[in-house]
Amino acid sequence: TVQHLFKQIFKASLEIQEDDNRKALLVSRKKKQEDTIVDLKGETIGDGNQRLILGPCSVESYEQVYEVAKAMKAQGLKLLRGGAFKPRTSPYDFQGLGKEGLEILKRVADELDMVVISEIVSPKDVEMATEYIDVIQIGARNMQNFELLKEVGKVDKPVLLKRGLSATIDEFINAAEYISSEGNSNIMLCERGIRTYEKATRNTLDISAVPILKQETHLPVLVDVTHSTGRRDLLLPTAKAALAIGADAVMAEVHPDPAVALSDSAQQMNIPQFQDFLTSLRDSGLYKY
Amino acid sequence: TVQHLFKQIFKASLEIQEDDNRKALLVSRKKKQEDTIVDLKGETIGDGNQRLILGPCSVESYEQVYEVAKAMKAQGLKLLRGGAFKPRTSPYDFQGLGKEGLEILKRVADELDMVVISEIVSPKDVEMATEYIDVIQIGARNMQNFELLKEVGKVDKPVLLKRGLSATIDEFINAAEYISSEGNSNIMLCERGIRTYEKATRNTLDISAVPILKQETHLPVLVDVTHSTGRRDLLLPTAKAALAIGADAVMAEVHPDPAVALSDSAQQMNIPQFQDFLTSLRDSGLYKY
Amino acid sequence: TVQHLFKQIFKASLEIQEDDNRKALLVSRKKKQEDTIVDLKGETIGDGNQRLILGPCSVESYEQVYEVAKAMKAQGLKLLRGGAFKPRTSPYDFQGLGKEGLEILKRVADELDMVVISEIVSPKDVEMATEYIDVIQIGARNMQNFELLKEVGKVDKPVLLKRGLSATIDEFINAAEYISSEGNSNIMLCERGIRTYEKATRNTLDISAVPILKQETHLPVLVDVTHSTGRRDLLLPTAKAALAIGADAVMAEVHPDPAVALSDSAQQMNIPQFQDFLTSLRDSGLYKY
Amino acid sequence: TVQHLFKQIFKASLEIQEDDNRKALLVSRKKKQEDTIVDLKGETIGDGNQRLILGPCSVESYEQVYEVAKAMKAQGLKLLRGGAFKPRTSPYDFQGLGKEGLEILKRVADELDMVVISEIVSPKDVEMATEYIDVIQIGARNMQNFELLKEVGKVDKPVLLKRGLSATIDEFINAAEYISSEGNSNIMLCERGIRTYEKATRNTLDISAVPILKQETHLPVLVDVTHSTGRRDLLLPTAKAALAIGADAVMAEVHPDPAVALSDSAQQMNIPQFQDFLTSLRDSGLYKY
């Protein structure tokens, strides 16, 4: 057991070193005490105000995006999401409009002064995308697509990084580090539910991840209530929980006519539902904006 | 495929029947529209007020319990938890004081006018326990100990039923039905985290379960933030999330000196931490009492 | 960091102690090098021969059990399982014939010289059960029903302990220790699948648990292929894997007419399927008996 | 409820259509009855013979790869794996030798007449890689990197597709379909363990996935015992289980000196261990080659 003690002393030295590594992570709170505030054309994320990021799952047409954006604008909301490149389980499902989708987003952004966020799935599209959108989203399936992470680390656009389907918090933080280590430190982390045995919801919203990520890193932390739950009836209560626990922004999907949406039809809100959602959040007193 | 259609018609009939069964569940919202309000010596749970249920993990001594209860009482809190029978992974870990623990709880309850809640683990102890405690808790490991559920269904004491370690919401509701079907409808459901791959927290708090359980049943729904997270630093943020999402009560562990606690030492609050916790909850504006 | 080293030295001392505890576990290989061989009226389990434990999910009638037992006997198989007390998710599902079921099992055992195994769910039934059955099974839902474990630890009957729905291997071993610490060391461990996100099978057969349990403990290790997979078409391949990896016995369900079974109808084999199953196992060369 | 019936009839029609879609999957057994046999310079996979695919986790030097390959060759084994591009959790961990690693693999392949398999992580490297390696591996983290899947679908090289960390079997099959739908049908599926709550092993080997994948698709199915278990002591028993259940090949890691390996040091076999492993498999009678 003396031998064991020496082994432990050695192990302790190793851990001190690992701890130093963690201290060295650019995204860690140990490296930088102050919160990172991401500025999206004047909409700040991470400064104590709380934001809503809304929009359709997929960009389907100019009219569709415009209609959602107009309804958002009427409520003073500017952060618009919409998928142009859609990673889908089956190759035969709708794969998104691609670059045409980005053009639609840009046109709507220009006309209504919105900030647009869209997922990019291929390293080769990153450079091109920066001409159309304001925030590059990395989706859950690509959280450990390290080539893509490195590529978005090289451009001068904020990145919204979603947690992988079954990523640990540690893996999530390291994925952000891949981006940061290439030079881009405008990163927002988004909890979007993890895969568990429970099937009452599409995924299990890991609400505790929010305070952990805020403690461990200096980055803004978002919660996507649509993908976490996959249920329209849970968007409002989970949004309240997310705001109460300190999320810097809440993401949810809004579509003019969810029943005919080309993806995620069961979980998007229509425009009146979005308005009720917003009113309820404001009335709750939980939403600091 | 005509054959297939007929098969589906048959299946549909089956589902109608199953749906009827669900409608027939005594604990379901379909069976009873109004919320069940559980009255614990004047402390109501389920009526829109939100409660805190606090106390040590294990009952260790009269002094220990008294000290926590006194601190709670000073803050106007009456719902005291404490474990007398402790289900532990290893047979060589502290197994609780047993009946002596119940006696301590009763003595403190009598002296300070508290409402006491304690876990019972054996069907044969249920009757005896009703003489000492005000609420019988069924722990996570016993959520599908159907003999125990039936036994507590026969007594005239409220039951606090915890969700199993990896129980689905459907299984949880059916466990409550085991109790209700024996005649006892004073049941409170408690989400306490589920087992997932993520080890940053002891369990993963399934916050979405709260609104689902409130929709599907008419029973009060509680959140145990201590066992969900296993981390003292997450008690406050998760308590806020629980209150915001509509939990009827929040449970957390408080011990005069957690460092020497005989169980769960790493996650209990001491008395000053409890007071800060309470102040923060009150200041947050989230806590409706 | 000197402080850190001392902390680690302290921690190392703690770990040495924990390691000693593990060494002290009665069921551990460290405590006893030789394999425990459980003798069931001459049918040995754990001595290198491999056994099959078969029978209906639920005991429904004397005729039903007799028919299965006769078919088994014709093949030289004596280990008969059948549920008399059925822990079911819903209180309105068939709960088993209870003591009458045990009487049926005993009658068939006496007539055909079979060894009968049945689950007991309540501490108060343990003593009674020893008069009817040869092996007491503790089901997955009761793996941490410690009162029940202690009770079966006090009787002189072999115990077949199933792994809990989401029990870790460490918890499983400690559950066996609860039995052993009360004096009964005739324990068989049964892997029966764990709860995961994957729904192609009812549970996920954790095949690696078999060699781990054989390494860590001196107890026989069984695999229940029916409950692991919940699919009749996977019984044969998973049984082969279980035998190949060194399981001491394989459990599977056989029913004269699965379509009308009162439980688990989709996954039981009928008698000709059982005969094919057995022939295939024998032909595979994997089955050492 | 008549309304409900019509709804069900509509749903049934939908399901018929979905079933047709599944029938239409190019990789499905419904589309093509016969097993796909992948020919790797004369080493066939999927024809009833069972293969071993071995080699170091990472390519570290010519000498290292040569030493492993020579030991394999001496045993008549030709299928050599080795990582040149390493997807690692942290950006500061060893990322592989990149193209230099592929060159080393090719040199060893040429000198010893081996078949080499290596993971490619970026769509832009696929074309280049075809000049150096015989099989392109898609790793678990990239199973839903659809851009990469489409790219390997366009080249004339066999693809070894690993199951994602927490991919369902259905998602896994659809990932293969992404490759096949681009024209490349030489695909091998590799089960490598899924992420669960159980931490006794690095992942949980989902052994049942093997017969399910063989039923649902016509593709060869492999089992990676190293990544499933993460434990050297479990390589042999899980390899036996994999062969017994019908895997077409088993993958495991071999390194001349695992203690100094730049990745996965705890789970690779050294050369004498590999020889014992092979001898044991041959002696077991399970390995059909």
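As written, the chain order gives the labels A, B, C and D, with residue 1 at the start of each chain.
Going forward, contacts are C-beta pairs under 8 Å (C-beta built on N, C-alpha and C of every residue); 3 or more make two chains touch, one makes a residue touch a chain.
Note that the structure is a prediction, hence the values are computed from the model and not measured.
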| item | value |
| --- | --- |
| Chain labels contacting subunit C and also subunit D | A, B |
| Relative to subunit B, chain with the most remote C-alpha centre | D |
| Between A-B and A-D, the pair joined by more C-beta contacts | A-B |
| Whole-Å gap between the CA centroids of subunit B and subunit D | 45 |
| Interchain centroid distance [CA atoms averaged], subunit A/subunit B, Å | 33 |
| Multi-chain contact residues (two or more partners), subunit B | 166, 170, 195-197, 199 |
| Residues on subunit D engaged by subunit B in the complex (per definition of touch) | 1, 4-5, 7-9, 11-13, 15-16, 166, 195-197, 199 |
| Of all residues in subunit A, those that touch subunit D in their complex | 21, 24, 87-92, 121-124, 141-142, 144-148, 164-166, 170-171, 174, 177-178, 181, 195 |
| Residues of subunit B defined as touching subunit A within the complex | 166, 168-170, 194, 196-201, 204-212, 215, 228-229, 233-234, 237-238, 240-246, 284-286 |
